[in-house]
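Which chain is which? They are A, B, C, D and E, in the order written, and residues in each are numbered from 1.
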Amino acid sequence: MIEDIRALARELLEKGAVECVIGYEVGPTGRVRPAFVYEPGEVERLIFDGRCDQNLVTYLTRRNKPRKKGEEVPTTAVVVKPCDARSLRVLLNEHQVQRDKVYIIGVACPGMQNADGTPELRCTRCDQRVPLLYDALCGEPPEVPTVRDAYEDVQQIEALPLEERLAYWLGELDRCIRCYACRQACPTCFCSVCEAERDDSLWVGIADRIPEKAFFHIIRAFHQAGRCTECNACEAVCPMGIPLSLINRKIAKDVAQMMGGYRAGESDEPTPLVTMLTGEEAIDEIH
Amino acid sequence: MSEEIRIGVYICQCGINIAATVDVAEVVEFARQLPNVVVARDYKYTCSEPGQEQIKHDIRELGVNRVVVASCTPRMHEVTFQRVLDEAGINPYYFSMANIREHVSWVTRDKSQATEKAKHLVKSAVDRVRWQEPLFPRTERVIDKALVVGGGIAGIQAALTIADAGYKVYLVEKEPSIGGHMAQLNKTFPTLDCST
Amino acid sequence: MSGDGFEPRIVAFLCNWCSYAGADTAGVSRLELPPNILPVRVMCSGRVSAEMVLKALLSGADGVLVLGCHIGDCHYGSGNHRTVKRIPLLRRLMTYMGIEPDRLRLDWVSGAEAGRFAKITTEFVEAVRALGPLSLPLREEL
Amino acid sequence: MKFIEIRALHEWLDRLAQEMTLIAPTAVGPQEKAPGSRNPAAQGQQVFYRQVEGAAQIAWDFTRTALSAREHFMPKTETLFTIETGPDGKAVLHETKLEQPRVFFGIRPCDARGLRVLDAVMLGQEPADVYYAQRRENTTLVGLACPQMWEDCFCNSVGGAPDAADDVDILLIQVEGGFAVQVVTEKGERLATGMGLQEVEGLELPQPKLNEQFALPTQQQWLASFNDVYWQRVGDRCLSCRICSYVCPTCRCFDVRDETVVTPQGERIVRRVRAWDSCQGVNYRVQAGGANPRANLEQRLRNRFYCKYYYVPIDYAADGCVGCGRCVTACPVNIDIREVLQDLARREPA
Amino acid sequence: MMDAGRHPNIELLSYSEVVDVQGYVGNFQVRVKKKPRYIDLEKCTGCGECVKECPVEVDSEFEVGLTKRKAIYRPFAQAIPPAFVIDKRPSPCKSTCPAHIPVQGYIALIGQGKYDKALALIRETTAFVGTLGRVCHHPCELECKRKDVEAPLAICALKRFAYDVAAPTAPPPAPVERVYGEKVAVVGAGPAGLSAAYDLVRMGYGVTVYEALPVAGGMLAVGIPAYRLPKDVLQQEIDYIKALGVEIKLNTPIGRDGGPTLEDLRRDYDAVFLAVGAHRSRQLNIPGEDLPGVIHSTDFLRALNLGQEVKIGQRVAVIGGGNAAIDAARSALRLGSQVTIVYRRSRAEMPAIPAEVDAAEEEGIAFHFLATPVRILSKDGRVTAMECIRMELGEPDESGRRRPIPVPGSEFTIEVDTVIVSIGQQPDLAPLAGVEVTGWGTLTADPDTMATPVEGVFAGGDAVTGPASAVWAVAAGKRAAESIHRYLRGLDLHQGRVFEWPKAADIQVEIPAGTEKAARREMAALPIAERKSTFKEVELGFTEEEARAEAARCLSCAVCSECLECVSLCEAKAIDHNMREEFVDLEVGTIIVATGFADFDPTRLPQYSYGRSPNILTGMEFERLTSAGGPTGGEILTAEGKVPERVAIIHCVGSRDVNANRHCSRVCCMYALKHAHLVRDMTGAEVYEFYMDMRTFGKGYEEFYERVQEDGVIFVRGRGTEVRVRDDGKLVVRAEDTNLGRPVSATVDMVILGTGMEARPDADQVARLFGLGRTEDGFFAEAHPKLRPVETNTEGVFLAGTCQGPRDVPDTVAHASAAAAQALALMSKGVVTISPTVSHVLTRFCTGCGKCVLACPYNAITLNSDGKAEVNAALCKGCGTCAAACPSDAIVPLHFTDDQLVAQIVGVLQ
């Protein structure tokens, strides 16, 4: 598969079809990291394996702006896993990326692995092995049984008594240092100025206290309603190890349950939170 | 920085509609303490001519440039007071209203509770008005052509009325002929005359 | 607020066309309402964002009530279609984070439903009173 | 050479915790974590410098803490003062009261060295920052030498050492059965009196294992690289989060805002809040009127390296980076300051 | 009505619908769809001649189904505009037919016994009438709506009937006059090539067809055995084409054997159509395939058809499941062999026409499903047996059929001496230098226009699609002909053409009430015994009675059958069956919605037995009965033609009823009184009026009520609860007389149901179009029930008449006048004031994600060319829904900003 990716990357760069190919490489200390390849001669840097769990789609939003006023938006090729493709679809739906400015190198995903070689938890509940959209597909789709995500992790929290839930989250949020890595790594958090960082502290101030942090995390999750594709980028980058996916997945679960099975990034349908009722909703909790 | 904010607060007694349950004097005293409030007054009927004049007077004489009226529902008199501001030369959107009649005096029995709640609402209105901005309506041209959708008797009547007044009308009918149900009627009650 | 016990403070977002009018009608009908309800008028319940609800809770409200037009009666046609998705979803998320669900309620009150307004507000105040003040760590601390 | 047995040390620490504030490395967070996750922070509990109630809470077996010692001298958030309405309706200002005397036990030499930069900025010019000054004054540092250099550490390349005693009041070095104790300052001397130290002849100190040393770029190389496309290439990867600056012992940028808050009693107070800021944040350096000389991500990223290795040495005559390696470990996209330094050092001086 | 039709300021757009409304008060942009009337309004004189020969009759809407009208009709005598209109809808058969033959038209003509006209009508589309009538795989029949009644029509057999009965006596055609100088070369005289030639020659072009084989007809001639398509039928049809002036050069291959090359043709002709077919067999690629006893079906059938001697053995295996395989198998059977068909999937997946498979089985052909040969065994160079392996079906492949997978170890052997391979064909394109070939070995051509990448060269038929059926080839030829015509005339190849016809599943057809079941006729067939030894045609065709009975089953889905009889009758030449819908864009300042109401359908309340007796009438039906222009000429008669002696009128049918509509329809009391009066006046019958309350609120209404009381009408206060139809046809009405407090009943000859008004079924679409609200009863909502009865929540849009709620004529006129006055007030003032409390975008924060655009109930927000949200202040009503949807706080509802509301929230909590 990696040879396919490299060959494709070389071809695209040689033809001048793209300015840059975003993929993965191994850094000098052996860690896998995003790679930005501009020269055909450098494509050998690219790798792809079970360690490549970053969501590179995050980088597309900022590349969708012209370098200088009046310049064309450059075309970028990006290596996209099935989960990343859903993020990309959300960005396309929300006009953050122009389809003709991105060349999607889809990869048939073998599933990502933890440091110890076990499959990543999120990959064990993933039922897509081929991205929903791509310009070229690299690799053979592996035979992986279809798994239905039962949201068992979320259900565990839901099953806790209210006070224990509060205690749990207070404990987790206490460690948050408001570094915003979760937001920055998230492909679908692309506001130019985050509500939590307004100059006028309209909603929250700059302090690192529970109310501010609770507001930030609840509202960030809420803004992800119908948009979070559960790529787990937020949790993967948190320097404090806060299980952020539990919040986002809760929202995704509820959106699917309440709004006719909607799953972000699987279609061109926008988040149901901004549209009219369709009659398929199961909203049982008015009051 | 823009001009100094000078808020005038007017608590209406509404006869005894408000005054019977809300200690209006206490609310006035409370309002007077609030930041940027330069004048706070009560009056029997703020919406009356003398009540309106008082506001205009304060705008002119005391330099009040934001107005809060605590009285009845804004669904009743918001427009009235906005006009007062306009007439006194300040933007009508520098106005905020606290509903201490329908939402307080008429629905609360305990006088101290009512007074407390009235203070909350006045405070809220004063805080809000500080953030309010001047707004200006604008006008748009109207194309002098009309569309009538449906060629039954209603559509025909409307189209003819407008056409007779000299305006162009497009009459759109879904069926191959206009006439609608009316064309199917033979005689109409009570005079039993012909319909077509 | 008087009394020895806990008196909850409730922010009630009322849409201008139905619920605010319904509250007015309650006044005109001289119904007795709990003084704990502090109304904030918005043009449409669709204006009430998750941020506003949270801000109210974090700023000292013990409960938030969102009242709009009945579905189908929205003055703006479908503003409340968004509300009916947004608020219950927020309520679920809040509950998940450990905040009692009964601190947030979405309901519909038309301009004529004075009795309904009184019933909902009274019920809600009693429900929040039973819960006590909102857990302090979530509030602004000194 | 002075020596203290482990048990004696524990007893002393337990006593100290009774008498004053004792800060020490301690494990924080739920123990159950996503097993084997690629995120190093999710590998179980993390160690922080936190106030402890006794020796039992102290984590002895740690590499470096998740956050540096900075958070105890320049807290993430502090209220400088509050203003509230007094009974007569007039505004009353309350200044924040500061902490009791503190012992900071177990600080790593690099973290202690980082305080030099903070000292230079907060105390080096008039007026000194009173909050910082008092905390610094009130705190006695008991260092704990690293038995080896850890993964990603490079203190030896920036002039430090895993067992350097330069910036602590007392330094403990683990030896068989206890710790060798170096009392460095007078402040340390005062504290050490209660420690019950033994004098042991011929105590052999272990030599910590060092990481490979590398050469730093010269001032000329820094100067010549400022407008290089290199920063764009590194910036390509950067997420513009603030992890690197928030884990750093020498980052000290802060933001101050006056905020209005409502107390649970419903009273409104105004408070002046100081909180950490970061040059990596999008709104860093936005000036009144909207101008922003660090509008681009790569400009901000570049700023961080120049700050450590160019601005601080020139402005404050201090080493801006202590080589703790936290930013290297924590960076989610593997922007490695060692790689950057070596890349620049390889360049021909202009 | 007349005034409206001729007022100089009124532009009447009849038979039209508003499909889109943009803009805002004072500045609306409206798009109107003008449905095709198929009759030129300017030319139509309204003479009514056209109606005479129209074969299609449907219920008259105007006479509420009491009489019939034709497909070409005028709604009523005084209609405005007075022109006729053709009621033409899509039909599943014509839509599905690849060649879009007007199926319903020739079926209607057959039904009327006009067989020659039926043949002529089909020949308007294709020359292969008798041929397609025999070999077509008739996808039309799969979609025929009659299948929902019992079984689809035998469309194919009816086409054949038209040919068989009319063609022998039809006069030979005269050569077509050349209109254009250009010449076209067609390569291949198969159905595609000849269809293109047929259309081109009729347009007036010179056409020469080059054919490699010694006969014309392509696969029709050499691929299909005579028992399915007799040689003379095909030959007559080819002769017909030739008679029009098409030249066919036989034995003239292109690019080989000394024939001209494609380059030559391009030089000598103005356009070239390549329709070389797919005559090369696909190989099995198994050991033993080269043995002499292994032949390919194309070769086998070609040889048979060309009359060459073919030797096959006693035991024949045919490999494959397509039509060619069946043809080969049945032909081999007729040569006296035992035949087995081996097919790798199951019967359900066979691509052959199912009826053909059935016929093969009837004739005694054996089948081996789920098996495929792995090698052919031989002895002394002669085939002795074939080793096969069993297959099982796996996941569906790209064709949608389940992929066969070999079952390991399941090999078995069948003894055969001849193997006929029939697993598909490919075109032989090697001689055509310069053309572009796809990965499938077929020619590259635009699937819509048939244009190839080579200038002036078009291609179609099997050579492009791979082996398909004859009707697809005909369709391709027709498309190519149109494209070549456009190409030669310098016209756009696409513009104005319909390539995608509506899918049958999307065509809504209502099966007329009372349609009775009638079995589908099947053609008689040759006895099995006779079939085994002869190549005589198996199917024998319909008799005239069978054909007409079968034709009578047609449901006339399209209403107009396109038989084109009307065209010849219209002296004004006003009829154009090719009219298309048109769109008109209007700019208006105000809109008045006056879309009216719907009559309540009493079948929803079965207790009134409506539909179970013709003497139970709705109010509107009775209305027509009393009209001089109505079905009885204005006489009140029962369905039996008698003057009724007793009549009951039931009020509030579908109104004031929790099971139907809760509202009062306001007009029924009065029209019921009117009806009572008319019955008394015209027949003297006894009239019972069952009413709940008598609502006579209008001017002069109570006086009218008194007058009707004086007429001697018997009033019963109480809801008519039930109408029972007695065996003798009399009707029994039951009610509870609330004055007497007991049940009463009346036996009558006629019942008039006082059916009420309700909102039109399309009210929700109209509401969405114009941004209207609706009240609980489904009618459009006015802005205020008392103070603003004609305004709506969309400024500049007003309501007039019963679309807002039930009202009678005087009230409707008053309401409409009020709406007109409101519209006039706006227009005469010339300007509108736009409220400033609208949303405002802070572009610095806007990311252009579009959430506000979607959230806005008024479509007031768009993304501008910078990718930022932009508010049309005139459309914005200030609800603020956008602000709650915006994650960036980038859109601010002025006067209800976040700052202001937060200040208010925080303020109120202290």
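By definition in this document, a contact is a pair of C-beta atoms (placed from the backbone, for glycine too) under 8 Å apart; a residue touches a chain by one contact, two chains touch by 3 or more.
What you are looking at is a predicted structure, and each value in this text was computed from that prediction instead of being measured.
Touching subunit C and subunit D at once are the following chains: A, E.
The chain with its Cα centroid farthest from the Cα centroid of subunit C is E. Inter-chain contacts peak for the pair B-E, counting C-beta pairs in contact. Averaging the CA coordinates per chain and comparing them to the mean over all protein CA atoms picks out A as nearest.
Centroids of subunit A and subunit C (each the mean of its C-alpha atoms) stand 34 Å apart.
One inter-chain figure worth recording: subunit A and subunit E are separated by 45 Å, centre to centre, where each centre is the mean of the chain's CA atoms. Each chain gets one centre point, the mean of its Cα atoms, and the points for subunit B and subunit E are 54 Å apart.
Subunit B and subunit C have CA centres that are 24 Å apart.
Among the residues of subunit E, those touching two or more other chains are numbered 837, 855, 857, 885, 898-899, 901-902, 904-906, 908-910. The multi-chain contact residues of subunit C, meaning those touching 2 or more other chains, are 9, 38, 40, 50-51, 55, 59-60, 78, 82, 86, 139-140.
Counting partners per residue, subunit A has 192-193, 195, 203, 209, 273-276 as the residues that reach two or more other chains.
Those residues of subunit C lying in contact with subunit A across their complex are 50-51, 54-55, 58, 71, 78, 81-82, 84-86, 88-101, 105-108, 120, 135, 137-141. By the touch criterion stated above, subunit D contacts subunit E in their complex at residues 260, 262, 266-268. Contacts from subunit C toward subunit E in the complex involve residues 9, 11, 38, 40, 42-44, 46-52, 55-56, 59-61, 72-79, 82, 86. Considering their complex, residues 154, 157-158, 162-170, 195, 203, 209-211, 214-215, 218-219, 221-222, 225, 247, 250-251, 254-255, 258-259, 272-277, 281, 283-287 of subunit A touch subunit C. Interface residues of subunit E facing subunit D in the complex, by the touch rule stated above, are 906, 909-910.
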